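Letters are used for the chains, namely A, B, C and D, taken in the order the chains are written, and counting of residues starts over at 1 for each.
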């Protein structure tokens, strides 16, 4: 067996080359499951760890099926692939030491983004031959690295199982982008028994060799697809017979952006896309808005969401059109547990790779559905945190030239492993 | 008794000097009623000729009562004033010849406009001492002349009663401005027995010594006062606790103006006034729109009105505020009866004062509630028309310098009288 | 040579099967040019009869080039195809009798619509094997019939040349749909010498065996593609750095629809399509509106267009974005020449096929760029009309099941030919 | 001479009974000036301490003149009243100890609010006979108390002048409501020589017997009066001739509320009032918005203000109307000086009246133009703070039943005096 640092890099590059978007991580999950099974973890897969009704923004069946064929043709582990055929690609791997002790959970996300990766020669993945083979899909947020770290951690935990206490759970989550996948795993109960929960991210602006043990700045968010359905008519000959979905959408958009600020915290509302109409002289019978709300707290986000609902209903009623609001993603805000953050920070300080360790340092205005795990663990009396492994970025997250410094992978594994060893 | 031309002028100047707005024509009506009584007409007054529920935009009790005091102090005929105390100022005067023949009705309107009359020295009413004594009220549309013509006609009909057949009705209507008073008289049944109906107007751009026997161009219209009621809150400290009536109103306004054209005919929608809010940093809890719709046909106007209702309801719902729509005026479109127009035109051609007589010549985009009378008479099988007596105007209708050439008064009386004589 | 009625039908079905949209009528034009050449007409083609700068909404080079390949593979007459390679597909065919007499011009349009034809078995073109072979393109407005009538007329004129006087011109115009092609031909001067001009249309609601010699109801129109260009930014992380093209577009749309009515005549304004944005959480840097204005007169349309320009500029300025307005189609209103209409009506009355002939009967709220020809011919002292050959329609114009009764083709040719014979 | 506690109460009640709004504090200032002069302070008044150009939202001359008459008739000190006739009512009173030491400045505001005071019997000012005698004006924010405290402080400083060092300045500022008056005093240089600056407020939710030495939560703000000027026309007869100021205003309002959030801090934008139009059927030629922006920092507020400017200009351009934006109030955010706050807190802790002393406790979302003084003093190297004297409130600030517990007046004076004594 190759030594771990090399395997971390080869995993990360393999996942990078074959990026899979949310609820389509079939190839990735098949490889992850195979490795975890090999290491002796007990596996729970797919709908056993994901509540169907709580999955948001899942692709339709046609896309799911065609992606299965793609995965098969592109190196998936066929023995495990079948478990993920329907797009429920979550994995919970459990290692029970049979010794008394707390239950730990580590969560890693696996999905890629709808971005076409840079083809520039000075873009390292291109140079080194692991650029995405899929136009329109790219690991531009580091989830390839997260999945590799998860596998690395599994290896170290399995190898040193005798030095551990309690129960170790590693959670591989689909569809973090768009905050679509976590809620389904939480509602399936996968952290119901967890005492300590750690989610982690690489990069996010934290410098190389820096570590942040806890970040609280995530905004609660709701992702909304809103459609208006009216009646077409000839805009010159019989305009009064139409029911104008485009005007309803334009009007809803303007008024959504005019939702007033909330005194309890920062908020956002945004219509990112508007598509309406089918011809210059036809009253538009269809319009679609791609929108989102955010709130510094879940309450503020809830307020924003309710205002959006009122506005959409009112705009539809104004123009006599029907409407439909579909929630295709959602996340909460969260507050990390101080004790756990402190413990983790102290462990990181002892790692020779780390030059600077910060207990708290908030990100601003981003969103994360790991917040579902964090809130649930804390609600049940456990502790939870969201930590950041700094790294040098070639370009910012979600940029077509995004790339990390792979030297940060091994220390990440080692710090999480050190935490596991310390827990009794 | 003075000769008629002089009386016409002195009536017109008296009414001009003491203008009374809609549903407040108490002084005017008391003088009219006294004269008609003197001439031997049978009188029906106030709520006997006006259906209370169909009166629109009637002033409140306080204003009505204080105006009664004003009328008393300013020359009303006290013997008749009491009949009009409650603001139902309509009069129907009937002269029954007891000879077989058709029932004729002539309608005149009595109300003034909320305009302050010019104080310029070259404005004839100022120069000649009959400028309005009331700041903010003025006969700037000629209804003073209409009332005088009505009284002149009554005199001629009474004097030559023996040469007439059938029944003569003279209708003095309140509140034509804002199209508020006619509907109530029609619903009280005052034209239920009418075979020939003539409404008339002076001026309207028709030149001096010209006569138009029929005009069809009136647009149906609805006058709407719309209020939004929300909840105030501090716009800095707790904006989310407010329900913003101002935003609902602004939004309703914009979308009302965006109501699409109707292929069946010309339309209008207009918000003439918007008043909202009570302080810079207070979420507005109240907003009011002063609005109107118009349509080339009553159906088109109805369409516009329904869209306004949808939009107002939708805008209120968007912002979580209550709303109220009050119809404060309404009129129909109308098509004059060809035969009657032809007959009237032929009579006018024989009058030496008239240099040009036109059967049909449409006004555009104005509105008139005489259309209620016209539609009702025709519905019952009678004939009806709306004719124009041309005159030289000092300034356009509704202008503070509006004035007519009084030489046009007597010919107007004589033409209507000639028509009455001809009917058998 | 087959007899004419059969040829009319086979031409019409051939063009129907191979529909070509505006400025792409290469196959059609190549067949038309070949036939006209064969008949001895003198031909002027492409940019000789079309002013490049006045072409509106012409497809880009890539589409034009790929369509050329399509035409070549689908039965174009290769000898003539090359003349139309660049998409300037206009043809003016002249037959000079060398005898004194007026110059006549007949105009026919050739382009198809962006509609996918019905595949229903009871749709005649499907049943009879001439359904469009191109998904997304269809002759759903009868221009296939128009082109066939034009060729039929050319045949009859050529055959009976000895009985004619003056000069005969047949104009085959591209891109009438979207009112894009006529202006370029008029500005190239193709009707500068014309004394009598006749444009014609089949169907439009006029019943089978009916003929309308003149229709005036076309609204002037302008077709506008409007783009807004802003700056993208992360809607959560740095919303204030974005310049929101979507909001500018939504706002422009709402306010365009709120442009007030014009008292001089009917008007329209319509945004048929709005497309904006590239991601849920990205401030939209691009938005596009597909819009049009109309006016009962060219002046009213001009008023509407100017308001649109003001509104678009204002909306862009509000949101700090750039904008571009491209006119991709334009047409005028027109008034047919009474004498010419009368003459044409009398000729049609003598045709045994016609059961009813009407001199004037206005269409409402449609638009036509033949109005450029009509206005220009009249401006130079000639006479012009737009006539309608009634026919039974399987479904309305622009409907996927549109179809005509081919029995109406020959009478159309014969009436136009009769007119030509009568002109001296 | 009466003892101080009683004088504090009688001053406060006198000012309460005769409230004067911003730039009209003539009666108040005349009494203040007289007392300060009596105590031996050197006085600088009116335009000597206020830069004319920097005064915002000053009433017009007519109102200023008529208020002068009111002040004369209602107990102003006539000897000093003349100095304030033009509405520049600021006072800077200086006591120079001639001993070396720092320059201290204490600022008090004097103006009332446009609120009608409660007439309820259980409202103490009503019961005790010092309810406002002016309908529509009320000291509902405690500035009557502030002025009284300022006079009390002046008395104590004058009395114990021998125990003081350096220079004492007491600043009486007009027009704090609407944040209109401070900038003019700062720009006149009144704190150019100041080493320690203290502004204070009573109440604001801080409980009775509590003291807050420093509050930072003020939002920067700009108060804007925005007018649109269009062209009137008849909405039925010639709508296209109008330039609609009401639509421009409605549109500006909606889009102002849609200004996007700023990632650098909390923001607000609010249109509190909209008044437009003069008649139902007249295109509105005039519209006015009463608006404000706020920002957690002055930069954020500046961003909001610039967006408002863009939106107003764009909306005006859309509708072809003119506009004018007038800044009628402005304030900054501020950060109190830590050392000064600490010192002040320690002094307050020693005062027996105080049960709780807090160094920092931020208000949220309010605004204050004392921030101009604070920023300027700090810019020049001095220290500044804004402290709060808690008190029991009968109802919240700006409420018609607002009232304070007068027992908090004397401790306020004593704490400020103690600070003065301590400074060397």
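In the analysis below, contacts are C-beta pairs under 8 Å (C-beta built on N, C-alpha and C of every residue); 3 or more make two chains touch, one makes a residue touch a chain.
Predicted, not measured: the structure shown is a model, and the values here were computed from it.
More C-beta pairs touch across one of B-D and A-B than the other; that pair is B-D. Farthest chain from chain B (centres taken as the mean of C-alpha atoms): A.
One finds 49 Å separating the Cα centroids of chain A and chain D. Centre-to-centre, using mean CA coordinates, chain B is 52 Å away from chain D.
For the pair chain A and chain B, the distance between C-alpha centroids works out to 69 Å. Residue numbers of chain C whose C-beta contacts span two or more other chains: 235, 237-239, 247, 251, 254-255, 257-258, 260-261, 263, 268, 270, 283, 364-365. Against chain A, the residues of chain B that register as touching in their complex are 235, 237-240, 242, 244, 247, 251, 255, 258, 260-264, 283, 303, 310-311, 313-320. Only residues 178, 219, 221, 223, 234-239, 246-247, 249-251, 253-254, 257, 268, 270-284, 287, 290-292, 294, 364-367 of chain A touch chain C when the two sit together in their complex. Contact residues of chain A toward chain D in the complex are 254-255, 257-258, 260-261, 263, 266-268, 270, 364-365.
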